[in-house]
């Protein structure tokens, strides 16, 4: 498939989805995006800016949700215009799909909604690439059914059915904890979809702080390295200049000043792994 | 709280939510409902007829989804008129809440959507009792946040905030399997909400059959007995005259001809447990 | 099978294994055993006194382990002589099996050692009944292999191969937590062995306190009721006059002054369930 | 610490533990060891030959267990003499520790026995390096207690207390499945012990074949790469010339003819990761 003007095929170099969890303000989004754009240029990597206009499933109803769809899309449009970065955001209801698709380069679906047939179909029918997150309650192999729903909807709308990324973001492991099963990356690749590893939400501790989710950002680099060594197409990492003050998901955000060094390391690992794709039958069909 | 004209308080006798998973046809719904109404009369138990008008999150996009909202609500209305049973159905989008609430006695929310703030608020704002299912990916204690969202929305709409049931339906346990943690029933009871045990979906094997979910209906009676012995307010059990031919979730449906004997046994256990509520501090606040 | 002079067959009334986790002193063991003997007489229940002479797998090497095998067996012998209760203790190495079997009525094997072939064989070869604990890392169905090892060893030693109880004590569920899968009781019953539910260790939080295991004794009654409602042959519950001062596993011990009320409740539930054994095919072969 | 004449400290190059699961015969062990020795020379890697003389915890009592301790140690001694490779084997009872330590370069403890205090102490007291496997039922942080037991025993016997490797081999995840939590590698490294990743048993499906354990050897390379990218000190991989005919654990053995290409790839990843140890605070204390 094509992603933001770049071909994605077996052996394509690693791409990155990054940004602050939620749009905190226009100024904040632009400031972070500008630093990410510089890093992308220096590291010569495809980087897609991610930020949410609404957090529709916060643990607590009292937490910050974001600027809303209109203001959020306006800010994302400005981010792209000013930084040149392609932009991605997540959709929360079928009715939002078309309007969001007019603005962003890539759509994303929340993990909790992976089994909602009409929702997946609506997003797929826009014709935009979609990063489909595996639910925490699903086995990797079961994502084949979700991909089939998406491909059917895309085809029915006259679009390319090979337009979907699958994203691992952790699997339920006891209570208030997720675990990243690296085998799942290879299993999801059997669908033919490029696979993305979300290193941020994989270290989330859902509900772990009582009225909000905890996180273990210290493990983000470690899990990102592991996934890249497995051979993923892309990594997803939320980053923030000051995680302790982030309005959402701060406990699992990577500090922005550690971002570039990690990207450099991931690129080096990616080059090693993709130099020898034939050693791993399970990923060779990707 | 009041449920279908009956008070629900500590020590109230067990109630039952039962019916075929999905509305297969008017005739089928009526036939099952009539048999359930007879059993309810003979066993002197509050029984609420449950059936879905739409299965919005089937594993596969090719599976039967139901008659749709208009036809489904028409049939549920007829079931109530002809059998005298109160009726319950599940809602799948915020926009459906008001229209469904005009017809049914109790609303229900899907487990996968337990964290969707706007959805929970919309359903709660109708003023109808809601059976809120705990998500497979949530710890029992985290349902307190969901209850807070629901109560806030009910209060804001001018309704009684004590109008919610919490329903356990299994927790993710490895891949394609759920486990029923009986401790969770007591933990959810700490919210002050009556707790329901869904013995049907607790034996589901999500995605376990490749393009549909498997199930272990042989364990339904066993888990229902266990939950009643813990002290739940109600049990939820899908039942079908011929599970092998059911259009949805047959593998975990209880055969209708085994239903009455099980109800009789559960009633006897319920009487034993509720005769001595003081022995269990963790359920005493319910 | 016969257990301490009582037949164990489908429908036999519930028996109980109870006592303090570890032998703290002769006086302590005798005091607890006398109170348990009175309760057993009043409630007309078969009660087997359990206490360990050595805790061979404490989280920390610095914790109290017990009086050792010689002194421990001496005390157990005295408990039986003075109270009339049959006694049970756990064995930790194959070399201990024969000597322990000379003193106690029932042997028990630690869950962690369920897969050690020579150990299971040595204990089984004594000819004494053995309560074999399912490992936290094993599926219930896999206990069939353990039973086969035990039966082979008993037969080879010229003893009755139907001399084994299987005991559920919780399954690993994420980190530092166990979950009790009530389905497992029925699955283990398919071996033909009477099934015991250990309500004490099922609420253990292994390693949960850093250098020792935590526990949730508030859930012991609840899980015991659930298991009895499933239809188990026996329950295992550690009890202590003052759990906060117990030398081992205090956090999950049932306070001794709550013991009799719980036994009475369990007996009432047991009577309900065993009055209708035919409703549950999966337990009928027991 | 020193391992077979090589220093192990932060940044030391990856070492490898490899060999067939069980000693099948002298000729078989020698043939495999000779091929491994050639690979080790060509790839310039420290390789320790591993094979078991007894499989003391097979799922079924009817499976092959090995040649026994005397014959097994004789063969391991010959392997070392003829190939120059250091050798490692696992111990199953405290009473075996001293005699095994006289022959092998490194001892190993079975995962199931990680909590047996006397056993860990006996092995640690030999003064030989020990590869201590984390139990499937333990959280990574809880291995700190096991290390403390081992260090205490080594010190008490007059040996260096810094003589232990910690080995991850998968954690219980539902029934009959293990998952490899890559965070655990960093958490275990906080003990100061070099960490080994066992890529073979991490893909085991315990009990998954009814009377024996299944496995997913296709995921061995993938998980080994992930662990090396995290930054482990060593990897453990069982290998066999013809896994389908292996007498134990064939389903998760890496075919011997794929071994060298994988080692080459792991070495390249190891060089990338260890070139920048400072990027990862959680492993920097190792």
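Per-chain residue numbering starts at 1, and chain names A, B, C and D are given in the order in which the chains are listed.
Definition applied: contacts are C-beta pairs under 8 Å (C-beta built on N, C-alpha and C of every residue); 3 or more make two chains touch, one makes a residue touch a chain.
All values derive from a computational prediction rather than experimental measurement.
Participant: Starting at subunit B, what is the smallest number of hops through touching chains needed to reach subunit D?
Facilitator: 1
Participant: Could you let me know which interface, A-D or A-C, is made of more C-beta pairs in contact?
Facilitator: Answer to which pair has more contacts is A-D.
Participant: Taking the mean of the C-alpha atoms as each chain's centre, how many Å separate subunit A from subunit D?
Facilitator: 35
Participant: Please work out the Cα centroid separation of subunit A and subunit C, and write it as a whole number of Å.
Facilitator: Each chain reduced to its C-alpha mean, subunit A and subunit C end up 49 Å apart.
Participant: Mark out which residues of subunit D touch at least two other chains, giving numbers and ranges.
Facilitator: 171, 173, 175
Participant: With touch defined as at the start, can you tell me which subunit C residues reach subunit A in the complex?
Facilitator: Answer in residue numbers: 173-175, 177.
Participant: Enumerate the contact residues on subunit B facing subunit A in the complex.
Facilitator: The touching residues are 56-61, 65, 92-94, 112-113, 115-118, 121, 135-142, 145, 148-149, 152, 171-172, 175-176, 206-207, 211.
Participant: Provide the residue numbers of subunit D that touch subunit A in the complex, in ascending order.
Facilitator: The contact residues of subunit D facing subunit A are 171, 173, 179-183, 185-186, 203, 216, 218-219, 221-223, 225-231, 258, 261-262, 265, 268-269, 272-273, 276, 279-283.
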